[in-house]
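One structure, as structure tokens, below. Some questions next.
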Amino acid sequence: MPPEKTPTQGKVYPGSPEAVADIPDGAVILLGGFGGVGVPENLLVAMADHPARELTVVTNHAGFGERGLAVLLRQGKVRKLICSYAFHRSAFVFREIYMAGKIELEQIPQGTMAERMRAAGAGIPAFYTPTGAGTQAAESKEIRTIGGRETLLEYALGGDFAIIKAHRADHLGNLVYRGTAANFNPVMATAARITIAEVEEIVMPGEIAPEGVHTPSVYVDRVVRGEDLELRSET
Amino acid sequence: MPPEKTPTQGKVYPGSPEAVADIPDGAVILLGGFGGVGVPENLLVAMADHPARELTVVTNHAGFGERGLAVLLRQGKVRKLICSYAFHRSAFVFREIYMAGKIELEQIPQGTMAERMRAAGAGIPAFYTPTGAGTQAAESKEIRTIGGRETLLEYALGGDFAIIKAHRADHLGNLVYRGTAANFNPVMATAARITIAEVEEIVMPGEIAPEGVHTPSVYVDRVVRGEDLELRSET
Amino acid sequence: MSSDPKLSAAALSPEEIARRVAREIPDRSVVNLGIGIPTQVANHVALGREVMFMAENGILGSGPRPAPGEEDKDLINASREPVTAVPGASVFGHADAFAMIRGGHVDIAVLGALQVSAAGDLANWTVPGAGKGGIGGAMDLAVGAREVYAIMTHLMKDGGLKLLEECTYPLTARGVVKKLFTDIAFIEFGPEGPLLREAAPGLTPDDIQRVSAPKLILPGPVGTYAAEG
Amino acid sequence: MSSDPKLSAAALSPEEIARRVAREIPDRSVVNLGIGIPTQVANHVALGREVMFMAENGILGSGPRPAPGEEDKDLINASREPVTAVPGASVFGHADAFAMIRGGHVDIAVLGALQVSAAGDLANWTVPGAGKGGIGGAMDLAVGAREVYAIMTHLMKDGGLKLLEECTYPLTARGVVKKLFTDIAFIEFGPEGPLLREAAPGLTPDDIQRVSAPKLILPGPVGTYAAEG
């Protein structure tokens, strides 16, 4: 499905609630962050106050503790979780609702998850990878030996909305990340119909040098400055 | 084939001839540059003085005029050219030897060429793409309909040596490109066993911020400061 | 244009075609311009339209040609012409550029055409046996861009047709042309086939049909094909 | 270690294992360290060895843990611990990090193991029915790194074997373990099977064989397995 048309200017939204307001029931959401770093904390808070249900969430892990993604899980808003690491001991909220049969889980290798989203963003409908061959990850997958090596056929994994975090944006939606806070955010930006980026600061176009842009503006539809930059859900 | 072991320091070579000295007959060479920009001019001059023959060269186009790649073509050192655009009117040297039956040509779509190298660098042995479906580019390719769309199976395209150009390097081999001079250079850096980068300046590790690195050091084996930075072959 | 004096007299110049195409591009589009007349389109997109031009050699936000002497040796478009970078531009390598194109993030590719078929097939990269041209990025752009605009003269120099039932030249992509701008007509491609939207001043739908192989659908009144609306 | 007092007495501590592994890493390697004991290996790689550590969450050139109060909220390793960046480090996103890993650009992955088989199969991500753990990046690292070093205790707490003919836990990857470091032995995997290279001080090859299911090959004199060489 082609991305929705969005202005190349005026991408800056007044706040997180406005930026997520049109996410409908049943949406597939790509949620950035890894190990509590690069998490769109304020957008997650807005999602907790937003009525959308029956969501599919694609994110690295099943949340830590009681905040962030765990709030949405507790609210019963997530129908299915696609992640690489489900049963961290801190993901007790997820474990509880999973054990109660209230959520569907698809656990996939982290690199395959990243590459499947990269494929969605890059117009590659499917690819072969050696990751997971001969393991549970190969179950129900098409297997093909290429160059003497067993590989699995993996399909592109796109979303309706990407909810991501960056350090800096300009008004056009160009993004810059800091340190290891990029993680899944740049690839998710490319893989969703609508990408919503929470950032710490917003600058004028031209303040980010062309060579310094990490995510080009074409991938970003909405930018919001995080209301509380000290929030840490550890999602 | 795994990349050869190369020191993470001491990647700086004294000159272009030394940097290409061990390229053997029959090597597959990935040659960066597009439209005369981002071309490793001094490494090409060194290749003209280097005896290796029977080369396969992967590069965007078949050279312009009489310099750069055209020298190697004229010398009869190139057995096969893999490119996206062969018959530019300025590629008269290539045309001449091609018409004389002295070189093999594989012409592939530019995006597919880039993606096949990206696949080689990323450990993806093959992928499906809609590009070229229903055209001559589909000849002898495996065809598969995915999501209602006809696609072609394309295989990873790696090389023995990448000969590339960057703007700046540090001693570890981190690279930075300028403007549209990146073109094929970053993807080629990932796709060869040995990557040789000609640069305009060499700085100390740490002078390039971690967020500012375009090609991480792990992809670069040799760095050389171009002897004559004014050279323009338009290759 | 052909030897038909009526058609020749009515035909738009390349610059007029470029101006007409520029008018067709919606505000806020991301646009890739092919070599030739398509490149001229950028000159006619008015300021304030927020159109972003991207080129497959790795720039999003390319701006006008720099003044002589102010060229940056590292900044060109896919036609190898020096360009500038607008505020908010970004640069990247070929793998990322074609990920952007193939992934459907470019709204419009404006491409030169050699032939276009009734089904919107595009042939634009080579002439059989001529040993000319190359594929370049055309196949990727043709399948990747959300809409393809094609530009060509309506007829060959010898009067041969270029809007055909089936292309006879090697194809670039099947069924991708959404809008075709020739020197005498603007034709849109729907599921039913080619729709004649506009004819150059003084030409009738019959005049256009006479030099087009597929049956042209007339969805309504045919407008005037001109640089200015 | 198990209830066998001879083995328990000889067993290396986790820190000693980490030091032994650190010695095994060749100079100038690019190394990914898994969660747990593998992470400790970095502490024992001497300066000047030019070893670069990369983590799959997007850093090449991670350095020691920062002093308390000097942590950067945006800089962690894959074990979620704060790190520093050495001069010449680079950072990137997950797609690029796993392209680096899967593409064979990481020399060594040091991974914790739950079980290892005679053929070098690795099981390290979950225990059946326990509802614990996750795949994470282990499957990608196991097939992508040029060499996999595995670390585990030689026996389960209840004395059960972990070096098996075939793994009974869900696999991470087949035939990937090149070197196995347990608390009592260093075992290498060749085409013929597991080769016993070193046994902890005071232990004989028979002692190691007794707690290993596959037949251990003795390619030559068995060295002393110890933190310092």
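The letters A, B, C and D name the chains in turn, as written, and every chain counts its residues from 1.
Keep in mind that, in the parts below, a residue touches a chain if its C-beta (ideal position, glycine included) is under 8 Å from a C-beta of that chain, and two chains touch if they have at least 3 such contacts.
Just so it is clear, the model here is predicted, and its values are computed rather than measured.
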Give the fewest steps needed to get from chain C to chain D, where each step moves from one chain to a chain it touches.
2
Return the chains shared as contacts by chain A and chain C, ordered by label.
B
Distance-wise, how many Å sit between the C-alpha centres of chain A and chain D, to the nearest whole number?
30
Based only on mean CA positions, could you tell me how far chain A sits from chain B in angstrom?
33
Measuring centre to centre with CA averages, how many angstrom lie between chain B and chain D?
36
Touching two or more other chains, which residues of chain C qualify?
59, 85, 91-92, 98-99, 101-102, 144
Which residues of chain A are in contact with two or more other chains?
115, 118, 122-124, 129-130, 177-179, 210-211, 214
May I ask you to sort the chain touch graph into line, ring, star, complete or other?
other
Touching pairs here come out as A-B, A-C, A-D, B-C, B-D
Which bits of chain D are touching chain A when the two form their complex?
55-59, 72-78, 80, 85, 91-95, 97-99, 101-102, 126, 131-140, 143-144, 170-174
Of all residues in chain A, those that touch chain D in their complex
34-38, 60-61, 83-89, 95, 98-99, 107-112, 114-115, 117-118, 129-137, 167, 177-187, 214
What part of chain B is in contact with chain D in the complex they form?
2-3, 5-9, 118, 120-124, 170-172, 174, 190, 204-206, 208, 210-211, 213, 216-219
Which residues of chain D touch chain B in the complex?
26, 28, 30, 50, 52, 54, 59-61, 85-92, 98-107, 144, 146
Which chain A residues qualify as touching chain B in the complex?
115, 119, 122-130, 146-147, 149, 151, 155, 176-179, 210-212, 214
